[in-house]
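Presented below are the structures under discussion, each in the form of structure tokens.
Look for chain A in each of the two complexes below; its partner is chain B in the first and chain C in the second.
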Partner chain A sequence: MENYILPPEPLTNEAIAARLTAGARNGIANGSVKKKNLVYLELNGCSGNIISLLNGANPDFEYMIGSMVNLVYSNSLMAAEGEKAIERLMNALDEDYILAVEGAVSLRDNGLYNIIGTWKGKPLTGLEAAKMLGEKASHILAVGACATHGGVSAARPNPSQSVGLQDVLPDKNMIKLPGCPVHPDWFLGTLAHILLYGDPDTDNLGRPLMFYSTLIHDRCPRRPFFDRGIFAEKLGDKTCLFKLGCRGPVTRTDCPTRQWNGHVNWPIGDDTPCIGCAQFGFPDAMAPFISYDTTRVVKDE
Partner chain B sequence: MSKRIVINPLTRISGFMEIEVIVDKNKVVDVKTKGNLFRGFEQMLAGRSPFDAVYFTQRICGICSAAHSVASSAALEDALGIEPSEQGKYLRDIIHCCEFLQNHIRHFYQYTVPDFVRIEGNTLLQTEHTDFRLPKTLNDLISRHYFESLELSRLAHQMLAVLGGKAPHNHGVFIGGITTQATAEKVVHLDSSLQKIAKFIDEKMIPDVFEIAKYYPEYYRLGGGYGNLLTYGAFNHYKDIGTLYVDPLVFTDDGIRPFDEQNIQEKIDYAWFQSPKTTYSPDEMIAEPDRDKDKAYSWVKAPRYAGLPFEVGPLARLILSGEYTNGISAMDRTIARALEAKKIASIMKTLLNLLIPNTNVQKKYELPEEEVSGKGLVDTTRGALGHWIKIKNKKIDFYQIITPSTWDFSTRDENGYMGTAEQALMGTPIHDPENPAEIGRILRSFDPCMSCATHVHTPGKEVKTIQVL
Partner chain C sequence: MQNIRMLQQQVNSLITQARQDIYSISATSDPTAKQVKLQRIWDALTSIQFLNDLLAAHAASSIAPANDRPPMNTMPAGQPISPTAANPAVAVPNQTFTIQDLANYDGKNGRPAYVAVSGVVYDVTNNRAWAAATHFGLVSGRDYTQEFASCHAGQQSILATLPVVGRLI
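So, the complex of A and B:
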């Protein structure tokens, strides 16, 4: 079980991300860690991951841009606009930087279905930007389901011909943070690890073990109901949601212990099945999300 | 001599947007607003389980995902003939209130404030234009509120998660209302958080917006547009308490009239789409993408009401509800957003007081054998949002979505009407064409959400490509 991490339950909520970011802060303060540039690129997606990132606390966004990294580009947040914004993106190429990408890469019409800006009078496609910035980045983070494997942007029949970031940067090492959206701790904790120690340990799919090593099912508080065969028949029930289509048995994240939005709740705590949003293949491989029919008693067939 | 200005990307919005403006004698004489992202949700939805639409459509947008879950649930209820209980409506609307609060606070501070306030100390927040007028103490105060506001919108999303499981992309909103129950503990949790947010809105957000307005008074005269206003109604039609905010209404030169959904049509004359008809009803057909279409310049289609372009959103709602009378302009729109945040906080407080703890509003829902259709028309943060669904063989057969930003950022149409935001820019004086701060300020007053506006497209068919040998 080398590289297999099962963190102590009560510690997982805030401890890992907080410990790593505190370390990064100390390292930057005493000069042993350099404050790196971060380019945050939004491509073909819903920008839900940067909104989720703003939901992070300890560290929060202010801390991230003040004490951890120089955020040099973000379509959602930067004050500059137009070609002057793209100029900042181009200038980033001259220095060392970490690249974070959310959204899929749209290949249709050579990328013209997702234009992210204008550079020297010509449209800059998400496809061009991903390749250009990915080639020179010191570290690459694929943030959220669309960047890691296409996600909802690539859902059947995939009209924009979207793919995950790795498909257009096949030879690059990248850390994959699936989730729809990503949990802010997964992003900020990974970023802190890179700043302090370099890339974190990952599984064979590129996911950091510290967040993605354990099945939801193995730590689900409703596991005793599963073991005794007591299943929910509708949303809102307090028993095991397996027969409504819960994807906890195949999804590897720490949602049961970490929970969401300041650790107040999570989908199963909301009496709904996990829809496997952090699993490769989401959404198509995880659909249907809700299926009352699995509790059906089949007669005379 | 005329000059062409292109802004691409228009940052501090959701999604990707380009603006092309022609300036002559320092005034805007032509405008094109362009949506630069295509994913094709309507095509993706065809063939899926109808229940999945609630969670799937949220992925259209990361900042207003709950809006889509609300509209989608309403469309399913209409199609399946389900009337949610009053408690179910209250619970769902409380979740919706949380999203309004998150969204309005983020839009004002993270997206709008950097246009007017110089936030020192971080290169991310530096801009090229130099039209910053606030005195230093005030400028620094609002800068501090920029960072403080991050905590408050985070708190609003936390409230959403208390009843909705997580945010963005909640699990709680569903047919019948929401999935979980509001325990006494949760109600108090929400009430306590709401108090903090309401205090921030009263003591900081509203004073801040009026201070900015004081130093940029010409924006009360800029960015007006057609002045046609539309709402599908918000926090209304409760059985016991009536309407807490606004009923479905439209306003034109002829005055205020009831809204009639039969008057909605979509046009695609100037968008990158093709279909047998260029004007159609929302439940009639879906257009196919065509990036090479002549004269088209955007992925955003053109919804029209009785043939006219309309403005939707907080200002439209406040005027139509009779609570705001000052006028229609970029600054009025920005002020309306802050005032509406206060209004929403008070609506949420009212709804919280009406909750009966531990009420379970969920049932085991079944899909009918026969073909059914439904629609969910709701007003959400940015304005009027419509979902139309047809279900056949227990699968989604057709799904159409018209988002608020499609109304505000529509392309022009064959009758010569420009989109609402395009019209709002016409005639705007541009002080410095090299750094035209006016354009972004006016467009952002509409709170553009291009992820939503360009979600679009097509059931069933691949676009044909012809290989030339």
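So, the complex of A and C:
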């Protein structure tokens, strides 16, 4: 009887995070959870995902690198530079590690459009690094729209011939976390799940169900306006943004309840349509992001 | 006054439904049924919130009827309008379209949005997946038999939910 959490069990983000953190701490203390190495590789992208990650809370980034994993390599955040940094990357190959990749893989000219460093005097391309590290990783996380399906880097006309990570590692299982950028909770939550319980349940596209199972439309606070056919005519209107091109009806994430910037707000909460950044095919398949000459009923008809 | 009465009745019936759902969730162990019920409770709560806003707008307008009236006050309150009813272009189901006719229904400037699949023309104006009359890079007013087969093979249920407006000839 002693370990039951009786209702009402606090379900705030802070309370859930506190329970998970305590679980992980106990696990590390009694030896059932092992700190793993994490290689965070940034390829052809804008570094938006790592910046988003620094904004994480419950747990925050500092807790992640200190207590959850050993961050052995990160293009942006490590102190080592030049060949010294790449040496750490190469040393990581000898041990067990989780690989997180953000950014697309550029295929043009054998990957020469995206060079992440030099090793023994030769340029190390993102393509080589992704293949080499992906083959040996115990778990692979494709972080953000570019890594999951090419994203902005692969948008037309795609001069660097960028592709998603799965295209260069076709036989590897990977967890895909689409989003532009990824929400820090989606990344840190998935990482924590791997450490505590192993791979999370995913849908047939590799997205963890705990974050990507419901449509934004089904949890949208403006849903009653849609059901009653009341549509916004311009940005800033408080009604349903469907006629302006809102992609909430096709995008599967938990934005309406999770929210961004430390759980402060989210696009529709600030009166702009969802642009579907967490849907496969973003941005080309989600265009136009906003449309004014659309099916809204005009007065003289 | 009548409207306020109807709003109140709607709120009450939503609350009754939510109570019933909470009761059945506590009784069931089937996770799928649970999910469906939870979804319905969520929807009921958002509707209650919406109706509450309406009531507040009513109350505000009865105190200060002069200017700053919230725009939602002008809508026919209390009667849920189905999204299709908002579209005035009512077409005859046995209407025929050529591919050129179909191109006019592109969802621009207030025109309805139609698409054709396997010779049948469907109205997607208010379909949830066709925001701004576009769907994953496809624009309305065209024949998408091929595209439907490549993405939604065997999912005829998607088409079954769409209003049919005619045939493509």
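Here is the rule we go by: the second predicted complex is superposed on the first by the 272 of 301 C-alpha atoms of A that agree within 3 Å, B and C clash if a C-alpha of one lies under 4 Å from a C-alpha of the other, contacts with A are read in each partner's own complex, and residues count from 1 in each chain.
Criterion: contacts are C-beta pairs under 8 Å (C-beta built on N, C-alpha and C of every residue); 3 or more make two chains touch, one makes a residue touch a chain.
Please read all numbers here as calculations on a predicted model, not as lab measurements.
Colleague: Report the partner of chain A that touches more of its residues: chain B or chain C.
Modeller: B
Colleague: In the overlaid three-chain picture, which partner chain does A:Y212 touch, first (chain B) or second (chain C), both, or neither?
Modeller: Neither partner.
Colleague: Look at A:W186 in the shared chain and tell me whether it touches chain B only, chain C only, both, or neither; answer first, second, both or neither.
Modeller: neither
Colleague: Would you check which partner chain A:R247 touches, where first means chain B only, second means chain C only, and both and neither mean what they say?
Modeller: Only chain C; A:R247 stays clear of chain B.
Colleague: Return first, second, both or neither, reflecting whether A:C46 touches chain B, chain C, both chains, or no partner chain.
Modeller: A:C46 sits against chain B, while chain C stays out of touch.
Colleague: For A:P267, decide between first (touching chain B), second (touching chain C), both and neither.
Modeller: In the superposed model, A:P267 contacts chain B only, not chain C.
Colleague: Should A:G236 be classified as contacting the first partner (chain B), the second (chain C), both, or neither?
Modeller: first
Colleague: Identify the partner contact of A:V152: answer first if only chain B is touched, second if only chain C is, both if each is, neither if none is.
Modeller: Once the two structures are laid over each other on A, A:V152 reaches chain B alone.
Colleague: Mind working out whether A:Y97 is in touch with chain B, chain C, both or neither, as first, second, both or neither?
Modeller: neither
Colleague: Contacts for A:D227 in the overlay, against chain B (first) and chain C (second): which applies, first, second, both or neither?
Modeller: The second partner, chain C, only.
Colleague: Which parts of chain A are in contact with chain B and also with chain C?
Modeller: Touching chain B in the first complex and chain C in the second, residues 287-288, 290-291 of chain A appear in both lists.
Colleague: Which chain B residues qualify as touching chain A in the complex?
Modeller: Residues of chain B touching chain A: 6-16, 18, 36-40, 43-44, 47-49, 51-52, 55-56, 59-63, 65, 106, 110, 114-115, 119, 121-128, 147, 150-151, 153-154, 157-158, 160-172, 174, 179-181, 189, 289, 291, 360-366, 440, 451, 457-458, 462.
Colleague: Write out the stretch or stretches of chain A touching chain C in their complex.
Modeller: 217-221, 223-231, 239, 242-250, 273, 281, 284-288, 290-291, 293-298, 301
Colleague: In their complex, what parts of chain A are in touch with chain B?
Modeller: Those in contact with chain B are residues 42, 44-52, 54-57, 60-62, 65-66, 70-72, 74-86, 106, 108-109, 112-118, 121, 123, 151-153, 155-160, 162, 180-181, 233-237, 260-262, 264-267, 269-272, 275, 277, 283, 287-292.
Colleague: Residue numbers of chain C touching chain A in their complex, please.
Modeller: Within the complex, chain C touches chain A at residues 39, 42-43, 46-47, 49-51, 72, 75, 80-89, 107-113, 125-126, 128-129, 131-137.
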